[in-house]
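One chain, chain A, appears in both complexes that follow, with chain B as partner in the first and chain C in the second.
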Partner chain A sequence: MLIRLESVQVTRGPFTLAADGSFGPGIHLVSGPVGSGKSTLALIMAGLLSPSGGTVCREGIGSLLLSLQFPEYHVTGSTLAEECASWGLDPGPILAAEGFGGLDARDPLALSRGELKRLHLACVLLRPCDLLLLDEPFSALDCRQKEILSGRIAGRGGITILFTHEEEFLPRIDQYWEIAGGRLHDHGAGRHTRSGNNDEPGRPPESAGGPI
Partner chain B sequence: MIGITGLVHGTLSIENLSIPPGITSVIGENGSGKTTLLRLIAGIDEPEQGSVTIGGISPRMLDAGYVHEFPDRNLLFSTVSDEIASSLRFRDTPCPETRARVTEIAAALQIGHLLCRPARDLSGGEKALTGIAAALVHRPQLLVLDEYDSHLDPALCARIDTVIRTSGANYIVRCTQRMDTAAGGDFVVALEKGRVAHAGTPREVFPRYENTPFFPRSWRGTAC
Partner chain C sequence: MNDIRFRIGAATLLSLAAFLSVAGAALAFVWWLIFTSRFRNLPGRALIIGSLSVVAVVATILQLMQGTGISYGIRMGAVILIAAWLWSEYRPGEMLDFSVWALGQRRGFDLGLVAELSMQAFLSLLADCDRMKTAWAIKGMSLTPANIPAAGTLLVRCALVRAKDTGELLAVRGYREGGTICPVFPSARSDIVAAGAAVAVFIAAVLTW
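For the complex of A and B:
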């Protein structure tokens, strides 16, 4: 089971992205500054966007799923029950397990964004697939839900690729990647960055209330 | 001060809460009432019961900037430049002044290169930055930011903190799921199931969340 990027190129006005690399079974993390092309790469790997050049080869991958960074883009049902059913899932157990019991008839877009993200990801992770592409899966989730999501991601097989800024609540990552300077870099099993945007956040200044 | 008294609104219930000037972070689990509170403070909604006042007057009497938690709901116009300029144009600010101010706020947030881009083509983080610029451009007295940092990296969050601290807004009320960001503000309101569980400075509030995911990462391993 493998997805391989061979001389993939994207050119869109001044924006460029070049990507080569092989993604095997395990959990991969792709980081990069805002606007560097993480979502573009996710779309290309999902086969939803054609690169300007190069090829994407999928070997032994029978099924794939892409979770977009905005959960609202996935909504097709007008109720929570319809939304779960649109994923081919039985709504009752999911809604009960995720804390939405009795809210079957609620409009998904009337949920808070974090709640919508939680429901969306619960549906995604209940669908078995060989390749799972998660674009900013942790955004809008509260800290406790981020921990829960990390555990769920760690518990699945196949290839999982996280495109995210998240640094704190992550499952064990098998391979780190970074988009910097218009190119995808393979950092292997260790986390090293070129752009420096993954540095530890600074301790709060004492004047702002940090403990001594 | 922001004064909240006898408030009942949907699932939110707050008997008494005073929020001082400066940067306040509202934290809590998804569905705990953070957005409901932010909308009331911004004057978008009016309380079903009780009152919200800012410096003794209604939030609706204040010049406010607001960033919605759904980034697309901050974008009404087709280009980034038009979006950021919109609140100045609605108040008939002269064109040269509008252009200068749009350029200034875009430079502060380092998004000058996006000004001519169609808003629909932006990445998630770029949409968030555009929303923040549009909320700041008219120098509001009150700035309300709902999950504005969901699609931003820590370096950008630090830059935004600098910009909002120097924006001239007396009150900045924001909701964030980054506890390190919340710990860098002046005041924290922690909501649990529609009630204020804790309110105070970060030093007063966060020790109550030690050994939970809500304790700031940069504080871990340090004595409180």
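For the complex of A and C:
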């Protein structure tokens, strides 16, 4: 199971992005400044955007799923139950587990951004897939929810790629990447952050899903 | 065109020329071919093509019923192409510059701000549509008549949230009315040539009306 970027190029006006690299099973973290192209790269890896050049090869990947940064755009149901069902899931257990029991008929857009993000991620993570791309999954979540999400991400198999600025609440990362200067850089298992802290390669998490 | 004053002036004259007569519309179309980048760099291309398609349908119906469809189609088609060009050349902040230049720091600033916010809202709406299409593709869904109410609700909701955020931001920054801005207009010799040609098209349209 592998997704490989071969000389991928994106050019849009003054914006450029070049990416080469292979993403195998495990958890990958792609960081980079705002506007560096993280979301664009996520769309390209999901096959939802064609690069200006190069190819994206997926080997042994039967299913993939992309979670966009803003959960509102994913909403297609007019009630929480319909929204869960639109992901092909049984609404009852999910709504109960996420604290929305008895609110089946509630409008998803009436939830706060954090609540909607939590429900959206619960649906996404319950869908089995070989490749999971999460664009800013920790945004709008509080510390407790970030910990819970980290635990859930750590517990899944296949390839998981996190496109995020988050540096405190993360699952154990197998490979670090950074978009800088219009290019995707592979930092391997050693952490590379702008703040320069927390850089022990392959350090195990203090607790499953807890802050590292 | 670099200078929005020439651009708005030319677009106004060309639209009037196209509206006045078929000859004016034909000349406006020629101007569009010569002085614009045509369909290159055009945001919301689907919207333009959709608008032209609607005009074509109405023109066909008018032609069949009253025999005036061809004239209508040519004139409206030219107006839409000019409007599309004006839109494609827009750069954030220009409407505020133009409005303050034309109407002053008080009323001009307010009108320019409204125009800027409207343009930004429209561009955001187009971006929302793109993101929704992406999100639906992830779920394996496509736009159907059954989905339209949900899509429309989401677009309106997003627009209202953004408007509320902008309103609060302006209030927090102490905005009440008017403001101070020093408009700067980059210009070029080609602007004068294109604007002169637009004036000539308008005069020709009036003379042949």
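Just so we're on the same page, the second predicted complex is superposed on the first by the 192 of 212 C-alpha atoms of A that agree within 3 Å, B and C clash if a C-alpha of one lies under 4 Å from a C-alpha of the other, contacts with A are read in each partner's own complex, and residues count from 1 in each chain.
In this section, a residue touches a chain if its C-beta (ideal position, glycine included) is under 8 Å from a C-beta of that chain, and two chains touch if they have at least 3 such contacts.
Note that the coordinates shown come from a computational prediction; the quantities given were computed from them, not determined experimentally.
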Chain C versus chain B, contacts on chain A by residue: B
Chain B versus chain C as contact partner of A:72, first or second or both or neither: both
First, second, both or neither for A:87, with chain B first and chain C second: second
Touched partner set for A:34, first chain B, second chain C, both or neither: first
First (chain B), second (chain C), both or neither touched by A:115: first
Which of chain B and chain C A:6 touches, first, second, both or neither: neither
Chain B versus chain C as contact partner of A:142, first or second or both or neither: first
Footprint overlap on chain A, where chain B in one structure and chain C in the other make contact: 70, 72
Chain A residues touching chain B - in the complex, by the definition given at the top: 14, 31, 33-35, 38-39, 69-70, 72, 99, 111-115, 117-118, 136, 139-147, 165, 167-169, 196-205, 208-211
Residue ranges of chain A in contact with chain C within the complex: 43, 46, 48, 65-66, 68, 70, 72-78, 86-87, 109
Residue ranges of chain B in contact with chain A within the complex: 28-32, 34-35, 69-72, 113, 122-126, 129, 147, 150-156, 158, 177, 179-180, 183-186, 201-204, 207, 212-214, 216-219, 222-224
Chain A contact footprint on chain C (complex, rising order): 128, 131-132, 134-139, 141, 147, 149-150, 153-154, 157-158
